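One structure is given below, encoded as structure tokens.
Every chain is named by a letter (A, B and C) in the order it is written, and numbering of its residues begins at 1.
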Amino acid sequence: MSERKKLLEVNNLEVTFGSRRHPFRAVKGVSFDIFEGETFGLVGESGSGKTTIGRAIIRIHPTSGGEIRYRGQKINGRISAALDRTVTRQIQMIFQDPMASLNERAKVDYIVSEGLYGRHLKEEERREKVAKALSDVGLLPEFASRFPHEFSGGQRQRIGIARALIMDPDFIIADEPISALDVSIRAQVLNLMSQLQKERGLTYLFIAHDLSVVRFICDRIAVIHKGELVELAESEQLFANPLHPYTQALLSAIPMPDPIAEKQKKLLVYDPSMHHYENDPPAWVEVEPGHFLLANQEELEKIRDKR
Amino acid sequence: MAEDIILSVHDLDVKFTLRGQTLHAIRGISLDVYRGESLAIVGESGSGKSVFTKTFMGLLDANGSITGGSIRYEGQELTQLKSDKDWRAIRGREIAMVMQDPMTSLNPLKTIGAQIEEAVVLHQGLKGQQARQAVLEVLEEVGIDDPQRRYRQYPHEFSGGMRQRVVIAIAVACRPKILICDEPTTALDVTIQAQILQLIRELQKKYDLTTIYITHDLGVVANVADRIAVMYAGDIVEIGRCEEVFYDPRHPYTWALLSSLPQLGVKGQPLYSIAGTPPNLFQEVKGDAFAPRNPQALKIDFVERPPYFDVTPSHRARTWLLDPRAPKVEPPEHIRQLRKQGVNPYV
Amino acid sequence: MPSLRYKDRKTEALSQSVGKTLSRDYKPEEYFEPAPYDPSAGERGSYTNYSYWGSTLRAFFHNPVAVFFLVLLVGMVVFTIIEPLLPYAPEANTIYKGDTNLAPCAQYWFGTNSIGQDLWSQIWSGTRTSLFIGFSVALVEVVMGVIVGVLWGYVRKLDFLLTELYNVFDNVPQTLVVIIISYILRPGVSTMIFAMCLTSWLATARFVRNQVVIIRDRDYNLASRCLGTPAWRIMLKNLLPYLVSILTLRMALAIPAAIGNEVFITYIGLGVPLEVPTLGNLINSGQTFINEPTLNYQLFLPVLILSIVTISFYVVGNAFADAADPKNHVN
């Protein structure tokens, strides 16, 4: 793994919302790296801070501590205009709700090429790029003259992907890109994302609440709970050997399309009060190569004993 | 499953008028719901699954109307009910509903206790201390800790999962015979989702409820449904017992729904997927509505609507592929694997 | 094909072509052969021929009440403009000596007032002036309100400053401003417009600001920010189009409000001089006859016109705002 190049490094990231008097720490000291060409999954419940991390990376939310490095350069806080332009071009985002993330009053043509306006292209060139981006995501180029209203959820999500692709990015943050879609459409979008990754060598940060989807598409997975990462591992490793009780609970809750298995399954419930962190606070530890866990000494010993 | 039918829908047609255009939302559905069973209606958005169940409660939007067919509940013809007063005898009392977003069905200005108590007073005829006791019991029953304190709290003090429990508590407090759950867990986190489904199943047993689940995700219903009806474009295209639909699906749309689940995907390979989008029901559907998206479609699919073909007495599907004259078409690889795959390997 | 009540040529041609691709003609003997499969057919299937303004207008014109009031309103505006050009139209301020307080009759259609002026031409002249005041004030109000409101709502750095300024200026009563302005400047139509414009846009700016705050963090605006779209283009392309429907409503209501304001200011004696007929002046001089059954037409006729104007703007504005909301558009 050491030979792989780090595309994004997040070190001790803190994001705080609210007023100074009533601060709310949405992200509490999160650290992880994303390697070039991989799909990195970030899994957690709503309110766990996963979306906030994505938005902090793309610089919609200001950070209150720690740093985010993209190709070695710090991109949070104040940055130069030139770096800002580069980062805007190279990091793009796919949003969760295709109904809310497209400008209803603009034509697809404008929506898809919005990011190009700063580049002063010729009209012809711009149109060509729009047509190409649309057909890249499996839509007909003639859709350019229509309004988002006319499209179904899956088609809209692909318009959202085309809008990101036209910038020719290296890194895409996909914030729950399929959870608002119908099941039969999800597969289309997932396939499209993997296909694009193969063709263009994209790197993804895939944010989701659903482990089954993440297992299918991600190389490595980080599990986040209440603003803290609790576990991070290669996805097969995480599924084969989940160490944190919260990860175990998430895994047990995956609904399987198999009635016999489902009717026998046992749900694990995660109760944070099971930890005894008062005297022995937890730390972010690499328990085996590439497998990180938030645990205290006592818990680590238990894990070692089990082996 | 005794053949005791509690709700019988026959050839139901529902149309909506929107600015002069007609949308044919339900295109001739027939369905029997058996007492005490748990039926899942699975379909994508726009398939008409919510509209369909709304007709059981007289909750169609003002621009929609039942244009044909019948709905009989315990021998009573529901399509004849006109006034709100008639419906009130059914709604809540006989057929109750749990919606997707718990916040929309709770009054934010009233305490949780008061809202449940209303239902208890109205439907169980209890008063005063007795009613209060019943509320505390029902809160406990739906898994809310410390009911004494929770009784006095307002909806915003509850988390999403807890709110959904309260909504279920209200629905159950009315002692209905049928409980319709419209995407009861879509808005919730995965871990909570499983707990809520478990809760509904327990309550169903305890109160002898008939439950109807509406969902777009086949993966969710495997452990709650006795029978599954798959809807597409305003029609039930396949219906059967849970095992039959999961292990031996016959309609190409059911194949597509099942095999596009990422749970069944193999990493590095594309998921099975269906191209395109459901048809626009403003236009008259000719033949099989799924045909344009179906790579295995036959020519007749574009000409004539298929009838139901029985696979077993409890399992039938509306596809020409089951006609004896049709060529033999194998379901996708994933589906054949499903039976072998067995237990969730990660638990 | 379903019977579409409102067919337009484009949709019809389109649905025919879709119908053709979907229902191909097959012979019964080949029914059970596999059909050719075209993946893009399913993609095309959901085609709708939507245009925002087309749907808005269609929705609006399907509302008969709104159309009635629109016709009434347009008719009234046009008439106030052409009325003085009509042959034999008496000049509004001409005094017909001896013909005072005449009830409506063949010569004076709306009768005459206490000093012998023809009420018919007085009322139309007054309506013209009042509408002019209303339109001008509403236009300035909306234009100023939108410019300031959008900046106020979207540019976070301005929020604090503008909110404080607003709080200060909002506490100055409008009547007081009008009184002072009328005192300093010569009373007249332009003074009146100026005075009303000075304060009226504050509320609109505040309103626009609140709307912008509601929509500025929606996903589609975040998406634009991720694409590096500059703030001015977000305001122009992402925010303003969403405000069109509520702004038309606001504008439609601002016109009768300004006219009503004029009536009130005239009533307290600070309005336009008497020799310029306005609805305010007419109502003001008519109200002395409120208890005289034979003469109260001098009050009721201008009030009737005022009511028609107010109600029409209200109905038309609301109907248009509804029609402009895409939630009410189908296809």
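The criterion applied here is as follows: contacts are C-beta pairs under 8 Å (C-beta built on N, C-alpha and C of every residue); 3 or more make two chains touch, one makes a residue touch a chain.
These numbers come from a predicted model, not from an experiment.
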Maximum inter-chain contact count - chain pair: A-B
Identity of the chain that, by mean CA position, is farthest from subunit A: C
Mean-CA-position distance for subunit B and subunit A (Å): 31
Where subunit B and subunit C are represented by their mean Cα positions, the distance between them in whole Å: 46
Residues within subunit A bordering two or more other chains: 138, 152, 155
Residue numbers of subunit B (touch at least two other chains): 274-275, 277-278
Per-residue overlap in subunit C, given as positions that touch at least 2 other chains: 40, 43, 46-48, 329
Subunit B - residues contacting subunit C, complex: 18-22, 24, 274-280, 282-284, 286-287, 291-304, 320, 323, 325-327
Subunit B residues within the subunit A interface of the complex: 44-46, 160, 189-195, 198, 216-220, 222-223, 225, 242-243, 246-247, 256-258, 260-265, 267, 270-275, 277-278, 338, 341-344, 346-347
Touch list for subunit C against partner subunit A, complex: 40, 43-44, 46-48, 50-52, 218-220, 222-230, 233, 237-238, 241-242, 326, 329
Residues of subunit A touching subunit B in the complex: 45-46, 138, 152-155, 182-188, 190-191, 194-195, 209-213, 215-217, 239, 249-267, 269-270
Parts of subunit A lying in touch with subunit C, wherever the complex brings them together: 55, 58, 60, 85, 88-89, 91-93, 95-97, 100-106, 110, 114-115, 117-118, 138-140, 146-147, 149-152, 155, 160, 163, 167
